[in-house]
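Here come two complexes built around subunit A, the first alongside subunit B, the second alongside subunit C.
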Partner chain A sequence: MKPLLKLEHIEVKFPIKRSLLEVIRNTPQKLVHAVNNISLEVAEGEILAIVGESGSGKTTLGKAVNALHDSDVVKGQITFNGQSIFDSKGKLLPEYRKDISMIFQDPYQSLNPKHTIEKIIAEPLMIHKVTKDKVEMRNLIIEALNHAGLSPGESFLNRYPHELSGGQRQRVVIASALVLNPKLIIADEPVSMLDVSVRSDILRLMMKLREEKKISYLFITHDISLAWAISDHIAVMYLGTMMEYGKADEVIEKPLNPYTQALINVMPKMHVRRNEKRVLLKGETPNPIDMPSGCSFHPRCPKAQSICKNVKPMPDWDKHGHMNYCHFNEEASHE
Partner chain B sequence: MEILNVKDLKIEFNLSGHRKLHAVNGVSFSLNKGETLALVGESGSGKTTTALSLMKLLPDNGSIVEGEILYKNQSVINASAEKIRSLRWKEISIIFQGAMNALNPVLTIEKQLMDVIMHHDHLEENEARIRAEELLKMVEIDVTRLKQYPHQFSGGMRQRVMIAMALACNPKIVIGDEPTTALDVMVQAQIFDLLERLKKVLELSMIIITHDLSILGDTCDKVAVMYAGEIVEYGEVQDIYCHPKHPYTQKLLSSYPVIGGKKALPESIPGIPMDMTQIPVGCKFAPRCHKAMPICFEEAPIQKVENGHRYFCHLGGESL
Partner chain C sequence: MKKNSFIKLFIKNKMGRIGMIIFMIFVMVALVGPVIVQYDPQDFGEKEDVLQPPSLTHFLGTDDLGRDVFKAIVAGSRVSLIVGIMATLISMVIGTSLGITSGYFGGRIDDFLMRLTDIFLVLPWLPLMLVLAALLGASIWNIILVIGVTGWAGTARIVRAQTLTEKERQYIERAKSIGASHFHIIKHHIFPNVFPLIFANTILVTAVSILSETTLSFLGMGDVSKPSWGTTLHFAFESGALSNKAYWYFVPPGLCVLLLVLSFTLMGFALDEIVNPKLRER
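The block that comes next holds the complex of A and B.
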């Protein structure tokens, strides 16, 4: 199947502001290596989960897909529906903005508290000049609200964000992401601010939209079990690098990469295991300004050898489309 | 040996217009020496309020209206101001919810640690400095970092500093209010591992407040599940995980995907949390309960006890 979204060698490096003194002394420009050489595909109707710890580059990658960064910090090729999202002059194709939308993490911050729900959802419609007709506009808004499970949609039009619960607010965010009928939604931690008991409603809604409208998702989360439960594929990120990629079940049940293995080992598992031995990684994730040489994970990797320090691994793809970014491939040997 | 006993605790907040919010409604639990108890429940269920009351740290508009808190068999509620001063931080201390993000950005870690130590313990500056160093070692931060500022510390390290502050006066009970909530799984595991070791060495008892049921098995001995200001179920972690009796606990547990289990979207609990300014007759969970019967809306359930496992429900703890 042809991928809906294709990322090739995406890199995002943010320059760090230099002080006047540093400029005068001509010290080299330092960079935050937020996303390093990521290649991925998302098929129509597919959910790809991006998991990784704080600072691993998930949001930066999501924003790159959403073309929200200054063009000079991003390198690589993004293809949507077989077409580069930028024209030959480097301008973003106008349809692309309608085809994708992004849901941000915090339902409290992503809604303007002074605007009614109607006004909030009208905004994308106005920006894209979808219609001038007032009645049609209102109908589109009501439809989006109903789709997002806020029904009857009419009853929410004149309400303000503070009059809604956290779960309802996140539904408003989803409604405004839906109103332009996107093909791909980048959902950045869409439920992590919500109580568990309301999370599933939002997730169910997202799944329903994928069934009904064939929407694809780039689902960004730090929650590995959630990624496993809802996604088709999982990409694990560490320090801006994709350490492992594959079918959700494979990555979670037979992780190949030492980083993924450690994560899965320590994640809470809903059973009593205070006396079980756990593989705690030593120390902390390094700063992406001073990237470690070789494999970025080598300073903390329990399996690291000298090659890891000196040589960057090559992504190792097996025939089932499972990728491991590591010099060693232990699990794979029993196949 | 029992170190803390809380009985029928009721706490109210005064709201504008003479309205009252019933944040804690008859909570009872006890804590043994060396034991870790988890208070779990969703946002607004009264976890923080319960914890603050143990040190008499409630906000001004909040008050304990009924019940008793006994620390080593002595009343906390009726204690003199002086007694309370010798209780806070020295006997019971707390890592406040979100405090790791509230460190003063313009003061060094050392200064902030020393301020806490000098404030509680009336030590001289150089004694406080030595103590600050000791504490930092205890939470496994390199002492060369004492002169650094909070922004140079990662989230996990800032939380370690908060733990160091809570340990400053050698307390017997440490309360951790959502101690790992904003942290990554690996950092969370490191923090729990540290707490576990500190607990053994210092012979601490702990109360861990969390909304995340998945971490219980990594951290605690006993669990109290709170809903609308009540402990609806209490028991050993193992029993809570394997044989939850209360429909709320059962539903809450099934809100988590379990790797290795059935791969399906987790369950949700319909309805919204109770409006805590009203006290309904009947079971507070009834409007959201999938098993509610007519009696649930008419009469508050009484407590059922089976081998130390307690719950409030008209049903007999049948599974989902």
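The block that comes next holds the complex of A and C.
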């Protein structure tokens, strides 16, 4: 399958504002290393899950793909459909915004409380001047609502967000993401704010849309079991670095990276063997301003040796397309 | 908030109700009054008409030139209201556009506009208005301009603060990810959400504008051909109505200014309570 979205060496660094004294003393500009050298591919109709703790840079990466950052903090190449998303002058191609959509985490915050559902879903159509005909526009809106599982769509047009439940609001968000027929949807924790009972409905809806419309997803989540359940590939991020990448089943069943192993270790299980020792991570994610030297995971890694402190590991790709970012790569898993 | 419940809340509020009634009375007087009672500032009375106390022919007595004080006040209500409202409109337009621009774009633009606002905030406004009014000459439009141009700084600050909180909302980010232009975001998301605050602020600024107009006119910067309450007070002071104990000359215009400003302040407080749910009585 040809890649729909290709990220090459994406880096996002936010400068920290210096105080006047620091400017006078000419102390070096400090940077928050939110995303470090990430390369990824999303094929057509594929779901790629990006997993990581809070502060791992997964949302920042999602926003970088969505071109929501200032252009000077993002480095690297983003290719969509074989074409760079920026033209030679560094301006975003206008079609790109039509081809991608974003679903946000909090359906209570992502809808303007002063707009009706009709106005909210009409907004992308208005911005991209899809149609001027009011009847046609209304039909498109109703169709999107029906697709998102809010049927009959007509009955929702004149309602306000506060009249809807959390699940319904997230469906409105999905409807407004669908209305332009995007090829890629960036879903940033789309179900983490929803009730458990509603979660599966929303996930099932997203899966159905993938089948029907061949939409690819970049699915950002902190929940590795959720990523396992829905995605084709999983990328595990820690402190802005990609620690492991591979097919979802492989990453979960045969995790290579100590960090992934620790994440999987804390997943709830049906049968817990009494004598099994769980490897729990100690401490918190370090500050991304003063990045640890060498491997960024070494201060918390149970397997850390002196080499981890001093030398950055190289991403190690095996022939199955499984990547591990670690000095101690156990190759034994693919016999 | 729906429009219906907004009006209901306003009428339920005691301060809002009283303020509204006083304001409506003045609006009626300003609209209908000058049609019924004609007032000509050139129409000087006879010698025996000078500084007469209230009587049946002269409802509120006469001034030092034998003119009817009641007629002057009715005519002045229109001038005071027009100047107050127009000047407020000017300062609201300036304050809102600068506040939203500053808060939304941030960075250097914000720095520059806020320093400008600071200058206007710390400048002693009365001398500034006097200088400007004297430079531009005494006409009602110049007065409006002077009050409007000097009175926007507070509004700009408030609007900027609200814009700063609005622009961080997720639906703004959603609009950006769709590809909305800055203009679209400001028009459809920022402004409608900042508007209630602007509206509440408008009422309070109107009170200040009316007071400023009175001050300028009292100090003799007003348009003599279109006398406002401030102009009447000015002539009362000039002619020594205070030492002559001609209370009918200076008390009514003063009282009118007081009541009108009070009505705006009451309405402003009521709106503030409605816009800020934290202040709302339960």
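We take it that the second predicted complex is superposed on the first by the 324 of 335 C-alpha atoms of A that agree within 3 Å, B and C clash if a C-alpha of one lies under 4 Å from a C-alpha of the other, contacts with A are read in each partner's own complex, and residues count from 1 in each chain.
Here is the rule we use: contacts are C-beta pairs under 8 Å (C-beta built on N, C-alpha and C of every residue); 3 or more make two chains touch, one makes a residue touch a chain.
Please read these numbers as outputs of a predicted model, since none were measured by experiment.
*Asks:* In the superposition on subunit A, see if there is space for subunit B and subunit C together, and answer fit or clash.
*Replies:* Subunit B/subunit C on subunit A - fit side by side.
*Asks:* After the superposition on chain A, what is the angle at the C-alpha centre of subunit A formed with the C-alpha centres of subunit B and subunit C, rounded to the nearest 10 degrees?
*Replies:* About 80 degrees, rounded to the nearest 10.
*Asks:* So, does A:Lys17 touch the first partner subunit B, the second partner subunit C, both, or neither?
*Replies:* The answer is neither, since A:Lys17 touches no partner chain.
*Asks:* Touch check for A:Pro268: first (subunit B), second (subunit C), both, or neither?
*Replies:* After superposing on A, A:Pro268 lies in contact with subunit B but is clear of subunit C.
*Asks:* Counting residues of subunit A touched by each partner, does subunit B or subunit C come out ahead?
*Replies:* Of subunit B and subunit C, more residues of subunit A lie in contact with B.
*Asks:* Regarding the shared-chain residue A:Lys319, is it in contact with subunit B (first), subunit C (second), both, or neither?
*Replies:* Neither subunit B nor subunit C is touched by A:Lys319.
*Asks:* Going by the contact rule set out at the top, does A:Lys89 touch subunit B (first), subunit C (second), both, or neither?
*Replies:* In the superposed model, A:Lys89 contacts neither subunit B nor subunit C.
*Asks:* Using the superposition on chain A described above, determine whether A:Gln109 touches subunit B (first), subunit C (second), both, or neither.
*Replies:* Second partner only.
*Asks:* Check the residue A:Arg97 against both partner chains and state whether it touches subunit B (first), subunit C (second), both, or neither.
*Replies:* A:Arg97 sits against subunit C, while subunit B stays out of touch.
*Asks:* Taking the superposition as given, does A:Lys134 touch the first partner, subunit B, the second, subunit C, both, or neither?
*Replies:* After superposition on chain A, A:Lys134 lies in contact with neither partner.
*Asks:* Look across subunit B and subunit C in the superposition and give the shortest C-alpha distance you find, in Å.
*Replies:* 11
*Asks:* Under the definition above, what is the set of subunit A residues touching subunit C in their complex?
*Replies:* Of all residues in subunit A, those touching subunit C are 66, 68, 94, 97-98, 100-102, 104, 106, 109-112, 114-115, 123-124, 127-128, 173, 176.
*Asks:* Quick one: in the complex, what on subunit A touches subunit B?
*Replies:* On the subunit A side, the touching residues are 53-54, 165, 195-201, 203-204, 207, 222, 224-226, 228-230, 249, 252-253, 262-264, 266-274, 278, 280-281, 284-285.
*Asks:* Considering only the defined contacts, which subunit B positions touch subunit A in the complex?
*Replies:* 42-43, 154-157, 184-190, 193, 196, 211-219, 237-238, 241, 251-253, 255-260, 263-269, 272
*Asks:* Which part of subunit C faces subunit A closely enough to touch in the complex?
*Replies:* Result: residues 169-171, 173-181, 184, 188-189, 192-193 of subunit C touch subunit A.
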